[in-house]
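The following blocks contain the structures, represented as structure tokens.
In the two complexes below, chain A is the common chain; its partner is chain B in one and chain C in the other.
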Partner chain A sequence: MSDIEVMLDENAPIIPIIDGAAPPKVRVRKRGRVTKWLAISWLVFITVSAIGAESLPYINHSCDQFDSDAECVTGTKANIRYSERPPAWAGFSDSPQKTEPARYGLMGTDKNGFDLFARSMLGARTSLIIAGLAITFGLAIGTFLGMIAGYFRGWVDVVIENLTNVLLSFPALLLAIFFVTFFNDPTTSAATTRPLWPVIVSLVILSIPPLTRLVRANTIAYAQRDFVVAARSLGAKGSRILFKEILPNIVPTLMSFALTGLALLIVAEGALAFLGLSVEAPTPTWGAMISFGTSALREGSWWISLMPAFMLFLTVLSINLLGDVLAQRFNTREAIS
Partner chain B sequence: MNTRLQAASRQVDGPLLRVTDLRTHFRTERGLVRSVDGVSFTLDRGKALGIVGESGSGKTVLSRSIMGLLPGRNTERSGSVVFEGEEIIGLSLKDRRKIWGKEMSMIFQDPMTSLNPVMRVGKQVSEGLRIHLGMDKDTARATALRLLQDVRIPEPEKRLDQYAFELSGGMRQRVMIALALACGPTVLFADEPTTALDVTVQAQILELIGEQRRDRNMSVILVTHDLGVVAGHTDEIAVMYGGKLVEKAPTRSLFANMKMPYTEALLRSIPNIEDPSHTRLNVIPGRPPDLVNPPKGCRFSPRCEYVQPKCINEEPPLIAAEHSDHVYACWYPVGSPVYRERRAQLDAEKRRAGHNQVGVA
Partner chain C sequence: MRYVLRRFAQTIFVVVLVTLLTSVALRFLPGGTDVLVALKTGPGATPEQAQQVVKDLGLDKPWYTQYFSWMSNFLSGDWGTTFQSNQPITTAVKRALPISAYLMVYGQLLALSTAIPVAVWSAYRQNSRFDRVSTTSAFAMLSLPNYIVAPVLMYFLSVQRKWIPFPSIYTSLFDDPVAHFKAFVLPSVTIAIPLFAGYMRLLRADMIGTLQSEFITTARAKGVSTANILFRHALRPSMFSLVTSAAVNVGALMGGVVIVEQFFILNGMGRLTVESIFRREYPTVQYAVVVLALIYVGVNLIADMAYAWIDPRVRARRALS
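Take a look at the complex of A and B:
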């Protein structure tokens, strides 16, 4: 309770509360309101940019230099003459041997002369689609498994519990690497663009065990609640109790956890991409961009890796902050009484 | 309406509910917990039975055992429950579900937790109507409104669209009663329906249950630890101790002529408003028996003021008093010569202790 400060306006007249009369206004100051809105704005910005990367005016986009649309998967203009230019605001790190212009754009360019800002926005699309789809499927499957394990118990519970334990006992990234390589068709060469689904499926598998455990624990807790026994005593069926009595009660907890999961999956996708296991270049994704820039780090071109890493960091941070806000907002303990 | 007519047509001779030697044991790591250990009673249509006992005496488990609401794992239930001439122990879950809500329903102790916090009140009340009675949405809503009016909820129309947390404790319990009454049950189990409520609201809720019982001609099993609660609202009282019935009698004759020292002790532990302030509360010393290892003889013997060697070694059977509807399980019931002798002794001790205390002060 310490983070909520109640401030009573001392000058406010004391209004007796009569039926229907508005009670005196009490200003309640909550912590973290500014951060919440900053986080939301950033997420809105990233989402809008990711959706409209090709047409938004602030994203430097052109496919003019390509012969066909198919080649334009990178989505951004490359100009080899402008390769490895630092961002416009970077006063230091001028390389004298490079010709003008010495600096370029908000985030500089990479080795191929791609505008890093534009590429980061396109990279956001891949990262968000993969992580978003993965957490959605993970939620659906995890919730289902967790609820039947927690409600029916018995052998169903034993099977599901053991499976999640097995999956959880592997290092997550190792498991993801294993699944991606397992699902990827070895016959497709690196030259063709790899499909999204192996990455998504691996991340879904990664997200199921923790979600299942969370839902199972919550289901067990709610299944012993009086209102569930009351519903049973009135003759409600198992499926009805699960979906109408228990599920709506665990949705708030799930939502705040899902946001944390989303952030984790974005990072996991980044890690996979860094190892070259996510979608194939030239489709941009944050992890691949970071990885692409590492070789240039030694030469002092820090921005190539750092700029996409910064994007990733801000996005994950925003999602986590929002997750915290949701967790507070839907404090399940408060919602029950 | 329909179901009640059907229920009436199925009525057979004899009591509505006959419980015979019902036992419910839970398997735990410590051993077998005998929560209900051979309970028998009958209940007629339209009558109210009070089940009284302290926490852990098995009264809640008894009511849930009769309904068949207990979890299946690690539970052993035996004996017989005949409801409207039909054995209901051993029914499949599907068949039990047909009974729940329509024939038997239950009100719970804490209205704060017995309503779904994220479902509107109207929906909760009308759900059962739609499932059991196949009403359409509008009819169910209208019936739910009628039910809320029946249980005297102010502004029922508004309440239909509110959530449980927007209602006061008393109102929530009224909603719970409306829920339990929705499908016109023949037996209503009220499991400590007033424990979580204010004293003023308690009386209203009990009054409401009694009124609905008369209006609907349904039977009520009122489970409570408070003899005061059952006194005015039941036809019969059964006292439970350590998983067994120890005394059962029509309410009037129980209060006028109680036989079991435990019942007497319960009654004496109710504070009297006419006592001067700071009067010590009469308590029953000790704890309820361990249901894994109950005492060999009378289960109340370790705490009984009138205990005799026979009580510790031999378990008293349920025997009839002067009237056959009054039964009790005690070797030396209230009023017997042994009891009177011991009582006089105790009173003398108490007086001495009282004098001593004054002297010290």
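Take a look at the complex of A and C:
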């Protein structure tokens, strides 16, 4: 490797582009305090709603069309009476059925008559669980590999580095699709529900290479610092140096990676769901809802796909904002270079 | 020269590893032969029939034999045919490649041609209103995956106002330019939006750094005009990360825009690969992956050469090493 490559490696970590979201870059100006709190409150709101989707009062407001509340949430039977109603605030929309455009709820209803707001909250649950678990495992494995590669160097580094390069040379989405197909048994998954874990495992694998790279660069930066050299000269073992000396120092950086990664993985999960490769139908996810609504979108019922799209956008934006705030707080850029 | 040779060896190594991994991984796809047999003979195949299919396709041999026979076929230019329709694979790839290439080129051109001026002006007038608006909107664009942008664009431009026909029908640029651009405008804009945001932020950050260096002050003291300073003195040394990122994206865009291709119903490389994975068309997947990998490493090689063109200091350092 020539020196210019090494320099680029450590200054500008390259994350594969997963259709839309991108890695954090330098932020010079400090972002306003208001936006930060807006982002936090949106995330708190969406998390609470996702956890309590069955019981929260504002979610069940379309359940009177079902026989029981449980049916409303699981969505086994649909009532066509409320099919494709625009949201209550949409004054400018034509009703697709030429009848009186009865508006319904905060976000309208979809083809099956489900309240889109309630569905979006259930979708938030799936998306957040998948992305959250995936980034947790991905970060754990990526940190471990990156620290080993960055601290011990030598052949371990060469092996890990080359594996990361190979994985990164595939388009990320193709890789994800491949792994999801790989872990899904076609004989069982076709008709009934698909389990959550193939998606999670695929996303974990997807998130490991870029995280490993970033952690490796960070570890290299700390491995030469005086306190590490001091610990080594006192006879500390490699594992002790890694976990007691280096790890605490890169934790702040890891936090902002974790947030950016979470946003990227929510986007990636949405992409898989959009292609019909995430969890199967009765469980709503944002991507699947957007994809489900596109046929109605062509007939003019915009809310069915654009409302969940808006929820996904707000969530990803909030997470990115927080990641940005953290990166500024801990001065991540300085730590890397 | 030695540098070029070493890079070349690395490139070959990566391509071989990628194809080997694909080859091995494909063989381990669950239900692989079952899916193939079902597609080939229809439902209810007898075990003998199934075995015959597997044998015909050469899937009964161990994976390394399969890989080597594939490799030698590939090198001798015999790309083989698809399992199901016995069409030559080259036809499929030849049909898909131009679509992906158009998408990639238009997306990149659109993104770069907007991002560079915006970034340069933002960096020059840092913290001005223009800068604040453009950085904030770029930040928001980063949170817009293309399965959100595509429906929004489609709704407003093809459904509400019927400006652009919705399922993009691919026509060659040379047959009917108007129809061609109508087919590609929405997908290209969809692709360009996140790219624009990424490029703009990268270039702006680097540019701010460059504008503080001393040769810029010197140029200004000599009385060089602002436009001249920005575009001729400052832009070139600020382009490192931009070039790297643009190069990485070329590879990513050639095969990784499955969603855009799917949504606008354009049969590019991404869709070809994914459909082939679903139908267990191992040879097609493998060739698609080789083509993508070659493009990826090739473009990275070019980007590496471009560093030397951008900044003479790199050339000097390489000559020393």
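One rule holds for everything that comes next: the second predicted complex is superposed on the first by the 275 of 337 C-alpha atoms of A that agree within 3 Å, B and C clash if a C-alpha of one lies under 4 Å from a C-alpha of the other, contacts with A are read in each partner's own complex, and residues count from 1 in each chain.
In this section, a residue touches a chain if its C-beta (ideal position, glycine included) is under 8 Å from a C-beta of that chain, and two chains touch if they have at least 3 such contacts.
A quick note: this is a predicted structure, and the numbers were derived from the prediction, not measured.
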item: Of chain B and chain C, the chain that contacts the larger number of chain A residues; value: C
item: Which of chain B and chain C A:230 touches, first, second, both or neither; value: first
item: Touching partner for A:243 - first (chain B), second (chain C), both, neither; value: neither
item: Touching partner for A:197 - first (chain B), second (chain C), both, neither; value: neither
item: Which superposed partner A:263 touches (first chain B, second chain C, both, neither); value: second
item: Touched partner set for A:89, first chain B, second chain C, both or neither; value: neither
item: Contacts of A:37 with chain B and chain C, given as first, second, both or neither; value: neither
item: Shared chain A surface residues [contacts with chain B and with chain C]; value: none
item: Residues on chain A engaged by chain B in the complex (per definition of touch); value: 153-154, 225-227, 229-237, 240, 244-245, 248-249, 335-337
item: Of all residues in chain B, those that touch chain A in their complex; value: 67, 69, 73, 97-102, 104-106, 108-110, 112-119, 127-128, 131-132, 165, 176, 179-180, 182-183
item: For the chain C and chain A complex, residues of the former touching the latter; value: 3, 14, 17-18, 21, 25, 28-31, 34-35, 126-127, 132, 135, 139-140, 142-149, 151-152, 154-155, 159-160, 166, 194, 197-198, 201-202, 205, 208, 240-241, 244-245, 248-249, 251-252, 254-259, 262-263, 270, 273-274, 277-278, 289, 292-293, 296-297, 304, 307, 314, 317-318, 321
item: Touching residues on chain A, where the partner in the complex is chain C; value: 2-5, 8, 11-12, 14, 16-17, 19-22, 25-26, 28-29, 162, 165-166, 169-174, 177-178, 181-187, 263, 267, 270-271, 274-275, 287, 290-291, 293-294, 297-300, 302, 305-306, 309, 312-313, 316-317, 320-321, 324
